[in-house]
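Per-chain residue numbering starts at 1, and chain names A, B, C and D are given in the order in which the chains are listed.
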Amino acid sequence: MEKIAGLYSYWIVVVLMMAGLYIMIARYNLTKKIIGLGLFQTSIFYLYITMGKVAGGTAPILIDGEQPVYSNPVPHVLILTAIVVGVATSAVALALIVRIYEEYGTVEEDEIKAIEAAEPEA
Amino acid sequence: MEATVANVLLTFLAVTAVGIIMLRDLLAAVILLGAYSLIAAGAFVVMDAVDVAFTEAAVGSGISTILFLGALSFTRHDQKPRPNHSWMALFLAVAAGGLLIYGTLDMPYYGSATSAAQTNPGLAVRFLEESGSEVGPPNIVTSVLASYRGYDTLGETMVVFAAGIAVLSILGLKRRRPGENAPLDAPGDKTTTLVVNSSADDGSIASPNEMKRYPRQRHRVLQVVTKLVIPFVLMFGLYVQFHGDYGPGGGFQAGVIFASGFILYGLIFGLQKTRAIMPPSALRILMCLGLLLYCGTGLLTMVLGGNLLDYNVLAHDALHGQHWGIFTVELGVGITVTGVMISLFYNFASKRSL
Amino acid sequence: MFVAATIALLITMALTLWRALVGPTQFDRLLAVNSFGTKTVLLIAVYGFLTGRPDFLDIALVYALINFLGTIAVLKFFEQDDLGSGQYQEDDY
Amino acid sequence: MNVQIPALLILVPFTAAPLCVLFRHAVASWVIAFCANFFSFFAACVVLSHVRSEGVIRYKVGGWMAPAGIEYYIDTLNAAVLVLVSGISLIVLVYSYHTTKKEVSLSKHHLFYAAWLMCLTGLMGIAITGDAFNVFVFLEVSSLATYMLISFGKDRRALTATFRYLIMGSVGASFILIGIGFLYAATGTLNMIDLAERIPDSESQRAVLVAFSFICIGVMIKAAIFPLHAWLPNAYTYAPTAVTAFLSGTATKVSLYVLLRFFFSIFGFEFSFGQMLLTGVLLPAAIVGFLLMSLVAVFQTDLRRMLAYSSVAQLGYIVAGIALASQAGLTAGIVHIVNHALVKSALFMSVGCIIYQIGHAHRPSFDNLFKRMPFTCIAFIISGFGLIGVPLTVGFISKFALIEASLEQNYWWLAVLILVSSLMALVYVARVAEVMLFRKSRQETPESSGMSEAPMSMLVPMYLLIAIGLYFGINGSATLSLAGEAASQLLSGFTMELSQQ
């Protein structure tokens, strides 16, 4: 029981991650894949932040003259970087989607594959 | 109480995720993804990660949503109906998830203060106890981000820069209107997708005919409000930039907020007017300058005899040096991010107006 | 006091989230998400007082701003299907 | 050696990238890129010679001691990877001057070279660092730059190839991020040396195990190891020719380096091969990989796609060497990393010359190509010999080492399978050579009659690379001793003594 209470947040996070991963693999629509990627990455951020939390702690911004318990700042720093990386990747992916739509007239993976299969080798 | 609030928010997240999987309308999925980021950011506040919450709110539900909307405006926004499951994908996801859950079984519990991560004297403990006297800023996340792990942040800034120029090279320059060269079904009536879910009961507001009947509203209220708000947004951006040492915030968040002032202007007054105020060539220079400022700080520390990004050598007093170093570096990040974010908006919004 | 406020906020959040999920129109979703954002702003403010560090109201400000921005963007998308068009500009202020 | 050289090695190309964008001039950005790359190569050579004579370099970035700050940890293996990456990039950069003019619109040249520099910086950043999270950051720098470089391809399929790579690459990077997160939860540290010390004592061994699996899968996607190679053939086929030559020699090799670093230095030989039974997983994947992919390569008519599949097959040899988990096997694997990079880049460069003149690389239309482009054809055939493993080429050195290593453990069947796969390589190279050399043109089309050899600025760097290959093919002990040194350092874990700070 204690285990369930202590690990509940990790498990939900894992479920969220897998939801994102599932969308990325299973959905044909390219935009939906990127939405899945966003979901997946946000869940990873959550995993990190969960690790850094200390019960009864407070945000790691020093308060003058007091010695409260602070949460761990290291995961925060790492995730700040990861958030930036995530949005950068999505931006590039979305730009590619726009171009793919201009070239192929569709953003459904199977339709694109059909068009490509009909084309002669370069 | 803390843990309860966190868990409730976590449940909200799970519900939203299910919604995102189920919905076939991409626009709805994007709106929900924005909500998802908002909830996540709220939960980050509850879990004491205020800087992360700040960034996730600004990026996840702000910039990301706008980028997605921009991309959707080029493409069609409904997902084609398909057989709704893929056993292979399900198997992979479940396998990975199972492995992860197995891994969590002997992890330290949520909120544990005695876990390896919390008690490592080299990292967490050192940052909490020494950073005030070694680096200075009360916000430990800023100290670690800009000084202890400043090299990571250098890489991060380059990632932002890379995304900026990648989108510029993929989308930029010559634009074609969508559908002009579309071999398959050209998107004739995109507006119909707006009413996909409103067919039965109350399609009253959203019917395409009605939208056509009032194509151009004047939106005077919006225009006035925007003009009033924008100076405060920019001011707030500056505050976040320079107050990052003492509270949540820093260069990255400030850049996003500063850029969102311009984005707001672009949304209300159109891209052409925005480009007159902030031409793309100025953005290109901004992007480069920010990164060069960061690299330049690195070079300067080396010229002055320290290691790369060792701010101690920048002034006679180590703490002063750190202060100057963090200040310049954060400024560089802020400038690059502002440039890149506005440039991303230009690229994704420039459908008809160019 | 703050505890009660927090609980009330969480309940209203759940309600708006439900509306965002079931729709049925996109406008319902948008309004729901918008008011959900407002509730989050309030939650952060209340939570700041609950835990004794109200100095993080900055974050609530960002939320309010971004919420506004996002809503405007979606509405513009609804109306014109294009984020960058300058059709408002004839009415020049 | 100046203390700051390792940092400048990264910082110079890093600074040059925004400069290229700032000046926005096609030729100027090439010159900037060349100068920065030349400096990096020179610095990498200095670092390598220093490391070999005086031992490991540890450089404290930001002046902070290791676990709190980020440090560079450079031993023989990374130094060799740095030299390899910057060297191949330099040679291909010279070569790219003409191909880029032809393939990329002039208004985007500055973006192209900026992306090139960022890719180079990212790859070198991965190789030089001693911090696990920093690997992720620079991996993303190089990935984003790579996506951009591939999307410059002329064919519209370059876009879908990039998108597929982006999806797989992001999954890979996210897996690495998850893995690092679990490692952090289990040990509380991010520094590689610190991790190596703390992992055996961690209370959360299951978390360590999961971290290991996720990092493995993530890096293997990036390294395109069979069966996670799906992104590679299309990406290599539709990227601009110079980009393919650059990436084939560097990107997957750096990922392999990361794999080696995690297997041997961080998790340790005991954990990876004793507890996780890596040999049992890697060896079958490697064998199926090199057999199947060689077979697939035989049936390709597009030269670049054929070489791409052959790349996956060759990566199989390297993985087989690693999976043998012995000094000899590891040495063979590392030598093959270097040798294959040399051979494959040269091959892609020769195909690039053909594309430069003909516009495509479709084998059946190579009739009588030798008459028109003799130097290019010779280059292709010599490098093809290297791919097969003919004596006096670099390919022979590494395949011989690999066969020796497998016989050492009495895996005679592995040696036989390697020979079988080499025969398949012989088939696919010979099919191309046959068309080039002996098949007469059925009719002389007006467009083909006017065709001639590729420009000197493409031939010279290509032959330079081939000459380096031949040198190391004849003087095999040079690379073998280097790889042996690197292998024994890997097997003995991190070295603590510093040669400097």
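Just so it is clear, a contact is a pair of C-beta atoms (placed from the backbone, for glycine too) under 8 Å apart; a residue touches a chain by one contact, two chains touch by 3 or more.
In this text, all values refer to a predicted model and were calculated from it rather than measured experimentally.
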item	value
Omitting subunit D while every other chain stays put - resulting connected groups	one piece
Greatest separation from subunit B - chain, by CA centre	D
Selected interface, A-C versus B-C, where C-beta contact pairs are more numerous	B-C
Intercentroid distance (Cα basis), subunit D paired with subunit C, Å	47
Centroid spacing, where centroids are CA-atom means, of subunit B and subunit C in whole angstrom	16
Inter-centroid spacing, subunit C versus subunit A (mean Cα positions, whole Å)	21
Rounded Å distance, subunit A centre to subunit D centre (Cα mean)	28
Junction residues of subunit B, two or more chains touched	2, 50, 70, 72, 100, 104-105, 107-108, 115, 117-118, 123-124, 127, 149, 152, 155-156, 159, 162-163, 166, 170, 247-248, 348
Residues within subunit C bordering two or more other chains	51, 56
Subunit D residues counted as touching two or more neighbouring chains	133, 137, 140, 144, 147-148, 151, 178, 184-185, 190
Touching pairs among all chains present in the structure	A-B, A-C, A-D, B-C, B-D
Residue numbers on subunit A that touch subunit B, as the complex places them	2-3, 5-23, 25-29, 31-32, 34-35, 38-39, 42, 45-46, 49-64, 69-81, 83-85, 87-92, 94-99, 101-108, 111, 115
Residue ranges of subunit C touching subunit A (in the complex, touch as defined)	51-53, 56
Contact footprint of subunit B on subunit C as seen in their complex	3, 6, 10, 13-14, 17, 20-21, 23-27, 29-30, 33, 36-37, 40, 43-44, 47, 50-51, 55-56, 58-59, 61-63, 65-70, 72-74, 76-79, 81-89, 91, 93
Sites on subunit B touched by subunit D in the complex	99-100, 102-108, 115-120, 122-124, 126-127, 147-152, 154-156, 158-159, 161-163, 165-166, 168-170, 173, 284-285, 287-289, 291-292, 295-296, 298-299, 302, 306-312
For the subunit B and subunit A complex, residues of the former touching the latter	2-3, 6-7, 10-11, 13-14, 17-18, 20-21, 26, 29-30, 33, 36-37, 40, 43-44, 47-52, 55-56, 59-60, 63-64, 67-68, 70-72, 74-77, 79-80, 82, 85-86, 88-90, 92-94, 96-97, 100-101, 104-105, 107-113, 115, 117-118, 123-124, 127-128, 132, 138-141, 144-145, 149, 152-153, 155-156, 159-160, 162-163, 166-167, 170-171, 176, 178-179, 181-186, 246-248, 252, 344, 347-348
